[in-house]
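In what comes next, chain A is part of two complexes: it sits with chain B in the first one and with chain C in the second one.
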Partner chain A sequence: MAIQVSGITKRFNDFTALDSVDLEVKSGELLALLGPSGSGKTTLLRIMAGLESPDGGGLLLNGEEALGLKPRDRQVGFVFQHYALFRHMTVFDNVAFGLKVRPRGERPGSAEIKRRVTELLELVQLSPFAGRYPAQLSGGQRQRVALARALAIEPKVLLLDEPFGALDAKVRKELRRWLRKLHDDIHITSVFVTHDQEEALELADRVVVMNQGRIEQIGTPAEVYDHPASAFVYEFLGQVNRFDCTVEGGIARVGDGALAIPTQGGVQGPAVAYVRPHDLGVTPASAGPARISGIHVVGPDARIDIDLAGLSLEAEMDRERLATLGIAAGDRCAIHIDRARVFAR
Partner chain B sequence: MPADTSITAPVSIPVPPGRSALTEPTWVRALLIVGALLFLALFLLLPLVAVFAEALRRGFGAYWLALTEPDAVAAIKLTLIVAAVSVPANLLFGVVASWCVAKFDFRGKNLLITLIDLPFSVSPVISGLIYVLLFGMNGFFGSYLRDMGVQIIFAVPGLVLATIFVTFPFVARELIPLMQEQGSDEEEAALVLGASGWQTFWRVTIPNIKWGLLYGVLLCNARAMGEFGAVSVVSGHVRGETNTMPLHVEILYNEYNFVAAFAVASLLAMLALVTLVVKTALEWRFGDELAASRH
Partner chain C sequence: MVAAADSDGALAGKGGAVTVRAPVPLFRKPSVLPGFGLTLGFTLSYLGFIVLVPLAALIFRSSGLGWSGFWSAVTTPRVLAAFEVSFGLSFAAALTNAIFGFLVAWVLVRYDFPGKRLVDALVDLPFALPTAVAGIALSALYAPNGWLGKPLNELFGMKVAFTPLGIAIALTFIGLPFVVRTVQPILQDLPAEEEEAAASLGASRFQTFRSVILPAILPALVTGFALSFARGVGEYGSVIFIAGNMPGLTEILPLLIVIKLEQYDYAGAAAVGTAMLGVSFVMLLILNLLQQWMRSRHAR
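The block that comes next holds the complex of A and B.
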């Protein structure tokens, strides 16, 4: 089912959470709403579910006007950030809840409910835990119960609020892959909210980058990473070196001419240049303008802190390359930049 | 002075057996324990024992007679009636008020919380006087009520009203922090899953607060049966008609009928004991669930 958001605005007192947001979620896709806290992403998700009502704008679920519908009539599955499992019910009863509360005419028989819940618990690999209470489960297991519970009502759309936010790094990675696989199997239109750019880029078909109640960019993970539409998107997606510079004749000059970066596009005058750490090249040079202030090896990669006339920069390379360069903290070096993105200031 | 700061071999300090560095000397511990126990015995246990001892001083026969004479039976009945009306009323009110306060934001929320606490901060005698001023013969609605032929003060309705007022906060006070801590995530989840508001309330909200609720009701009941001050003002002390148990005890005592006074008092003491036992049993039996509902 497709979702169409048009001109949605939401204010909380003086704070504008959403400022006339337009968005189309295509049927069957997995879409990420990515942004820092306070960017409005969770509010947008809650408006789609009917848990919040906007001050203006329209929402179509599968072509039908949905703002007048109660949450229960929207046929959406919602996974809450902290799961919101019913603490006094077993895993089985949690998953069965959505079926048991249906009006008498639509309610499946208890044998049918049992069959469906068993099936879902198999899907989320929790069959042995049907009789446990939420408090007796690990974070990852609770997350999967929440997912099974949301899927039990056979929703047309699945909405997930920071689905991996409360999990530790390893479980988060596993669950991320598992969710992607699940989505590939059942192809339900899904929207998830996250502030973790790595999660959004790895998991989603398309990423919506949000900032201060507005959408900055919509695109595939490769598009938003390689071609950020704004300075905000560039800074938000991944590590970045930021230079205040002046552009003249296609050359961005940093500081007192310590660094000259070739640029594309028609930006002239005061600007900001962004360079990814892996696009920043380092060569040892005894009379170079920069100094290496520290080297941190993290697993297979090395992060190099560089001091360029008072400006702190960060470069990234693999360990083998670091070894061939033969540089150490305190050495002087030259830097060169292959790729930079310049935005007018 | 590098030579002075060189590291020497670690010195091991022998710890006396049976004593770690974190415990106090034996005499200090003994003093504290004995002191606490003496205090408890003197101020809590002794009066309790005294009540039963006084009540049974002339033997079990006199004790039984004091409890079964008509005025005592009337007082016991009246106390039960007052509690049977005011406890459910406050149960209902407490749930509704804490639901409003914990799950919704509205203007005047702080005022409501303050008002709920009012009976705790006002002397019970004042609480009683308020109702006399409102509903008494010369009170605000006095002449109207007289014309209608309704008597509130010096009758059962007044006793119930005063008791409701005094026991107002017990259930709400117990539930508000509990419900605030639980938030409304589970209710929202239920709504999205297709439950109606009614279903959400009965299947999600109530099960989550049931132990807190029981606890609040227990305390509310203990106070409703034991209340003296407010009830004393509105009762009029008509023997066999408007005397609750605490009032009956006072009358008997003032008549130097000590055995009867303490016999009725022993019933109230037993109520307190039963309340404590049930409360402790609840905590012991359902401690995990109580903790889980607050986790």
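The block that comes next holds the complex of A and C.
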């Protein structure tokens, strides 16, 4: 089912959480709402679910006006960051809840409920835990119960609010892969909220980058990473080196000429240039303008802190390349920039 | 002392040659928190002096009657009727408080309205008021010529003061804060997300209340009920003014004990007190076990 958001606005007292947001979620896709905290992404998700009502705008679920509908009538599965499982119910009863509360005429029989719940628990790989209480499960298991519970009502849309936010790094990665695979299997239209750019880029079909209640960019993970529409998107998606510069005739000059970067596009005058750490080249040079202030090896990669006339920069390369360069902390070096994005200031 | 033995065992085990199992301390899980012996000792002796010694004296006093004397003292029609009045009406009052006290707590937690702080403070008034004052106020109010007693009598033919209903009202008055104050904090900490989850799963407000909210607050509600009930059984001051104190009809147990004392029937008074103690203890024990069972279902 497709979701259409048009001109949704939401204010909390003086704070504008959403400022006339338009968005279309295509049927069957996995969409990420990505942004820093306070960007309005969770509010947008809660409005889709009916847990929050907007001050203005429209919402269509599968072409039908949905703002007048209560959450229970929207056929939306919602997964909360902190699971929100019913503490006094077993895993089985949690998953069965959505089926058991249906009105008498639509409620499946108890044998049918048992069959469906068993099937869902198999899907989330928790069959042996049906009789346990949420307090007896790990975070990852709880989140999978929450997912099974949301799927039990056969929702048309699945909405996930920071679904991996409360989990540790390793479990988070596993669950992320698992969710991607699940989505490939059942193709339910899904929207998830995250502040983790890596999560959004890895998991989603399309990414919506939000900032201060507005959408900055919508695109595939490759599009938003390679062609960021604004300085904010560039800065938010991964590590950056930022230079205040002046562009003249296609050359961006940093500071008092310590660095000259070739640019494309028609930006002129005062601007900001961004360079990803892996686009920043380092060569040893005894009379070079920069100095290496530290080298940190993280797994297979090396992060190099560079001091360029008082400006702190960061470069990234694999360890083999670092070994062939033969540089150490305290050495002087030259830097060259292969690629930079320049935005007018 | 016990802790030292623990660490010795661990050290010996590390040596590798012999495995020495640390002695398992009695009644105690290994913990870094200090002061187990001291606090347990203090708790037991304090409870002993403050609670157990007076109760033992009471039982000792009544034991002078002998078993048959005790039995005949507590099974006279007058005493049995007083038992029924005291426990029956306390139960009814506690039940009323459980329902309406919960409503008050719900409104105080869930809604914002002008004067909320004032209402919140009003709840504690029955705690602060000397019970005799409450009794006089209530009996003046509900007497046949009182502000409320007169219209009730004229319009509905209801008599409140000097009837069991009057006693129930007095007991409800003094027991209300117990329910409100035990339920309120639990309701406050109830995560909104669980209710939102229930709503998005298709539950109606009533279904959400019955299967999500109520189970979460039920242990607190039972505690409030038990406290209100226990207070009602022991209440004296507020009841004697409004009760009318007719033997066999509106005479409560504490009053009966006072009457026996005034007649210098100390052993009889102690016997009634002991029987009262026994019934209360059993009822509170049952409520406690019930509560433990409810908690164990989700707090594991």
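As a convention for this text, the second predicted complex is superposed on the first by the 345 of 345 C-alpha atoms of A that agree within 3 Å, B and C clash if a C-alpha of one lies under 4 Å from a C-alpha of the other, contacts with A are read in each partner's own complex, and residues count from 1 in each chain.
The working rule: a contact is a pair of C-beta atoms (placed from the backbone, for glycine too) under 8 Å apart; a residue touches a chain by one contact, two chains touch by 3 or more.
None of the values given here were measured: they were computed from a predicted structure.
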Three-chain arrangement built on chain A, chain B and chain C clash or fit: clash
Touched partner set for A:R149, first chain B, second chain C, both or neither: both
Contacts of A:G98 with chain B and chain C, given as first, second, both or neither: both
Chain B versus chain C as contact partner of A:L44, first or second or both or neither: neither
Partner chain(s) touched by A:A84 [first = chain B, second = chain C, both, neither]: both
Partner chain(s) touched by A:I215 [first = chain B, second = chain C, both, neither]: neither
Overlapping contact positions on chain A, where the chain C interface meets the chain B interface: 49-51, 70-72, 76-78, 80, 82, 84-89, 97-98, 101-102, 133, 135, 149-150, 152-153
Residues of chain A that touch chain C when the two form their complex: 49-51, 70-72, 74, 76-78, 80, 82, 84-89, 97-98, 101-102, 133-136, 146, 149-150, 152-153
Partner chain A, residues of chain C touching it in the complex: 191, 193-194, 196-204, 207, 211-212, 215-216, 297-300
Chain A residues touching chain B - in the complex, by the definition given at the top: 49-51, 70-72, 76-78, 80, 82, 84-89, 97-98, 101-102, 133, 135, 149-150, 152-153
Residues of chain B touching chain A in the complex: 185-186, 188-196, 199, 203-204, 207-208, 289, 292-293, 295
